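Note that the chains are named A, B, C, D, E, F, G, H, I, J, K and L in the order they appear, and that numbering of residues resets to 1 at the start of each chain.
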């Protein structure tokens, strides 16, 4: 199973600054992840929370839930959360960081990711397709 | 309706470092906001939380609750929360940042506000009256 | 009496970058301050200068003129003038810093205020209404 | 009573990067604290949460619960949380910061503690024994 | 057609620090790109150079050669080349930046990418599969 | 008409550090500007002041005086004056920044120009001829 | 003879970000330089390369080719090339740095020029006319 | 003759933050300078201004007035004025910088003096006696 | 045996800034260390020096003297001495860094410890009890 | 009695970089101090050492020796020694920092003084006369 | 065989800033290397290029050419080239960095070497003899 | 005579972190220096101290002892001692800085050398052979 975790404000997708984040809603995004999983015969579970602690709890529980990989868009916590970084480093399941927009084309404080260094890798700026590619990578590697 | 959101540690008001924050309690502060609203014929709803995610959830729900403006004192999250910034930028309701104390007369890490740039404006250092002035500005502008 | 001091380039109001500073002229702004004072039974005196030294001279003379509070928009000197800071710190009359635009939504060098730390407080980004609110705060506190 | 609060990811102890954090589990650690308390005739209460807001709530309630001291390992929030700092500064109960590992022998962003300046003191790098020593200090001082 | 450009030192692949870059050679990597293109019915052309100016020349010529997208691994020029950035910004063909290793888990000077801000997006740390995913994204979008 | 404004210490020209600024006096420099204007049939008006506020006043009045362009050497205010920057940004007349010496071959604090970003352009290090070239550019563009 | 050297991406002129660089092509620009030279009876030779090493080679050969001055637009190498700086410092022919756009009104990393300190001077933001003025300055000084 | 120039806010002496600046007034301070001069048979002329431009004008005129040395307390301009620095560097008369308080025991932005590097020397923190010592040094050297 | 080394200015204890360091003298502090050792059956040897080189010499000789652990308060050398750091890293005996006061509640330059990264751990801000706890930790571990 | 302490390399005076430090030897300098003391009826004791620890020892012993003031030139330790700073802060005798040369006209690392903030004041750049003035200030104040 | 690679501008040796680089030409320098090799019975091959990519190509080919060591003076690329650093790290042949002048006695941007960390070692400021010593070290170790 | 001075912790050689510093002892290192001197007919005198002041005293006495050159490994003082820098600058004998390990491949604070800028040159990372090469350079130059 592959766990797709969306962090703060991603529940606003489609309504929030559509010129930056596009018009797809969170439901559209999650549907794309499920489709990508189905295509490869891998279950995909999607969750969203605005609470840093909740995201950490889900990461801690990922292995016990049977996840073989996590796709994580940490939203604004990307740039500020050492706790999230420690959670990723502390679990055995590989995590891929995904961002819908190209964070490097935006404000300077978005250029630094505190979590990138402990993830397997990152996919930035490719919109909903970035999630699909990350699911595909984890599914292929994890079977 | 105008939503007044107080962030972490503002529930300690009156007890916490009174030489910095004054002797008014959170109840006093909220009463002042209600009074200011009543004077202008605008409903005022007050809430407080120490949880970053809770503050984000309330901001997301503001428009649906009928809020035409938000007065926000993000407490310590002012200086560290990109997630809160994104929540403010992601909603259509105007937000005014308020601080009881003059943050610029305090530690250097309090001089930077991550949220100020996406708020309508800020009122700093005017104590409880700062909330009143912010309510008045939003009430007058939003009717 | 409340003294309203406008610093460099505020004489251009209405003509200068109206998308940033709005369409109100300096005369409009000063009229709003006089109105706010009249409403509260407090005299308001307004002055503008592009000269740093002139602003300092006026601050020094404020108490002798009978001012019980000063509303100060230091314009570009906000970010560069230690001399202005020292003048505010050196007088007994309380000073509120006001900016028409939200300086935190603009260039990085506008985010730092050298004077904020010695003012009573600051009102940012609320346009002409910011002056009104500052006058009201001083008038209420000083009577 | 002495309150021992463990922050984010400390529930992973024993499983998480054992070369950094050792093989003792959170249960082992809490048992050591209880033992240290019992030896000195002081009750010890232990709690853990991954939620910043929960830690703040517990700190606020410490005095009302009868705590005469708090041993706090803020985990990743150490380096990023002004809200936690304000909570510690806002309560009357003394707090000692504890870290299992020597944070100064690790990544640069772990060298700065936002909470250290408002704690009574800090114990770093002495593993589970660091908690014992902190309990002992508080118990002896608060008895 | 999709152009795959590899920058300095990628000709050493398989021999150079295999614990960082893996054991696949440049030929293996280019074969994977060709395969990915063939699967989607899109021609893929691969080139490698250690010369910054050569990479710029190829980017300038991409549209004229019929490229509808470029996959670019700028190697060490990622962190130092404004000229490469300008070349990407100056052409109409979309570019995706790819890195084999997770640059954020390495030296600090590798954390900054001068080119990321003008690319469509970036894929980091997913090894040879990162190239495949980038080709797929461009092929699907441009196909 | 083209206005040539010289800022602080340029009245010392010829006497002040001639190995840096050359032996031409301010009168020589102004004569060169008048000559350049006469050659192109454009009136040139020259002024100098050591007062930041005076320079701002002249910039504000430029359009009303009939100036179609301003050549400005802000001297030491180049590196420190946000107020001057705002004055340039606030007027409709194009301004060219000129420096006699090559500021980049001097102390580090001279490398940053606060005004350059709001000028049309800059001419540095070409001595008196820099003024001539700037007058010529403005005269040709403005007729 | 005066040598006009254009660095990386200037071959894209007219096509590349015309809102920044204007609509003139490199051919137009070089024609303007030739015209300026002809007017003053000085031969002008123009070259362009995207290769840092090629630009260095041309600078080294300038004196032997009979150049009495060099007009150099180093493009993106302006901000990153110590090697180019050393080449300019190492030859006897005076060099003027020219930029079409006002680099100070753009990204922060464009504000620093590594070559400016060893050039005779700089002309920024005056478009094609900047080249003309630089040629004129060198031609007048060098005859 | 020795010129003693006091900058912004020194007219407030005795009234302004007496715990920092002492209880002596500007008149007391100037009397001490005159006394020190009389003792050594050297005329002393004292002036004060809050205007940066005025201080520059006085420095420019010092030699013509017959001054053989200048004692300068630039107040807040110390930390911000390149123009004042250039004025000191541009005149032949030696200048000694004096501060009443120990600027290094105060805010960080007061630790840097832009003028110190071009003065003969500095006397800090010795109160009114610092002026006396500076007059004495200049009088003895210039006699 | 456990070696307790006190660095510069700790001989002033009791007299020096008692509001920061407390009223206990160095003799009191050393007595507390001896008592703590006696209680655990471990010999404790105490020394103090203001000389960086002397502290390094003692660290080098620790093993030969039979020390199984060192408690080190490096005083002001904490923040500046790479040589002391190298001495600690170069010996086989474990070292615990102790500070009487909470260095993080003081000047910024005291927040960085150059030695912490090569010590076993640190105890800060717990006064004389910090030494006791460090002796206890070493005695228990080494006993 | 007034103690004059010279730090590292001041024994080289007269021989060491005479264009920076002048031709007077340490003996000359000490003679000038003795003369200044004799003139005011105050004993002066002079010492020099290249050892940081020795300077600290002398500062600690100053009061016991009967010193009512210390003139200290800490040489290179000025910029690097927290230990020396702590020694000055830890004793009751007032200390004046003196430097022969104008450190602000030299390398950047000489601009910061770690000791200045805890001294009574500083005299910089006035050569041997700086010592005389410092002795005079202390003698007059301490008599 | 030992490969001696000289980077940009070293072909100017003898002509370029001789007060910095000395009067020996590149031919002299290469002759000294050949002589040093001959003395130790090791072949020495010398090359120079101003092209970063060319230097990388040569480093890549070093082992295949039979080189057992490389002496590299990267000229201006020393301070800016991550690509060159990666090339050195990516080959098995040991590299010694050599600079003719003492880079630490020059501009600040020359103090940082991007390549030093992956070289065997560095020899700086010893002129042509530095090359000889480097050849000798490699020859002795590899010979 | 050539003086070889080893600074703090070099007496630990062979025992201290042998993976960094190698297995040769200080005696081995000094023997290698003596051998190198003997080979060239130059006397070599070796000393080691952990005391900064002692190293300064030896540098001051070098010329009087007949030294024509100094080989100096300042150990940890390299990165922190302005006093040592001043001692080197203050004597007439040339000094070469030597480090056994490649400091640029280690912690960031080891990358900066405060003494390098006033030495003749530096040899880094070549182990004991670095001393030999430095002796040889000085012996040949000083003969």
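Just so it is clear, a contact is a pair of C-beta atoms (placed from the backbone, for glycine too) under 8 Å apart; a residue touches a chain by one contact, two chains touch by 3 or more.
None of these values were measured; they are calculated from a predicted model.
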{"item": "Intersection of the contact lists for subunit E and subunit H", "value": "none"}
{"item": "Shared interface numbering between subunit F and subunit C [over half = same, under half = different]", "value": "different"}
{"item": "Centre-of-Cα separation between subunit H and subunit C, whole angstrom", "value": "31"}
{"item": "Computed distance of Cα centres, subunit G from subunit B, in Å", "value": "54"}
{"item": "Interchain centroid distance [CA atoms averaged], subunit G/subunit I, Å", "value": "62"}
{"item": "Gap in Å, rounded to a whole number, between the CA centres of subunit L and subunit K", "value": "23"}
{"item": "In subunit G, residues with contacts to at least two other chains", "value": "51-54, 80"}
{"item": "Interchain contacts, given as pairs of chains that touch", "value": "A-B, A-D, A-E, B-C, B-D, C-F, C-H, D-I, E-G, E-K, F-G, F-H, G-K, H-J, I-J, I-L, J-L, K-L"}
{"item": "Residue numbers on subunit L that touch subunit I, as the complex places them", "value": "7-9, 11-12, 15-17, 49-54, 75-80, 109-110"}
{"item": "Partner subunit I, residues of subunit J touching it in the complex", "value": "51-54, 56-57, 60, 80-87, 89-91, 114"}
{"item": "Complex interface listing, subunit F residues touching subunit G", "value": "96, 102, 104-105, 111-113, 116-126, 129-130, 133, 136-137, 140-141"}
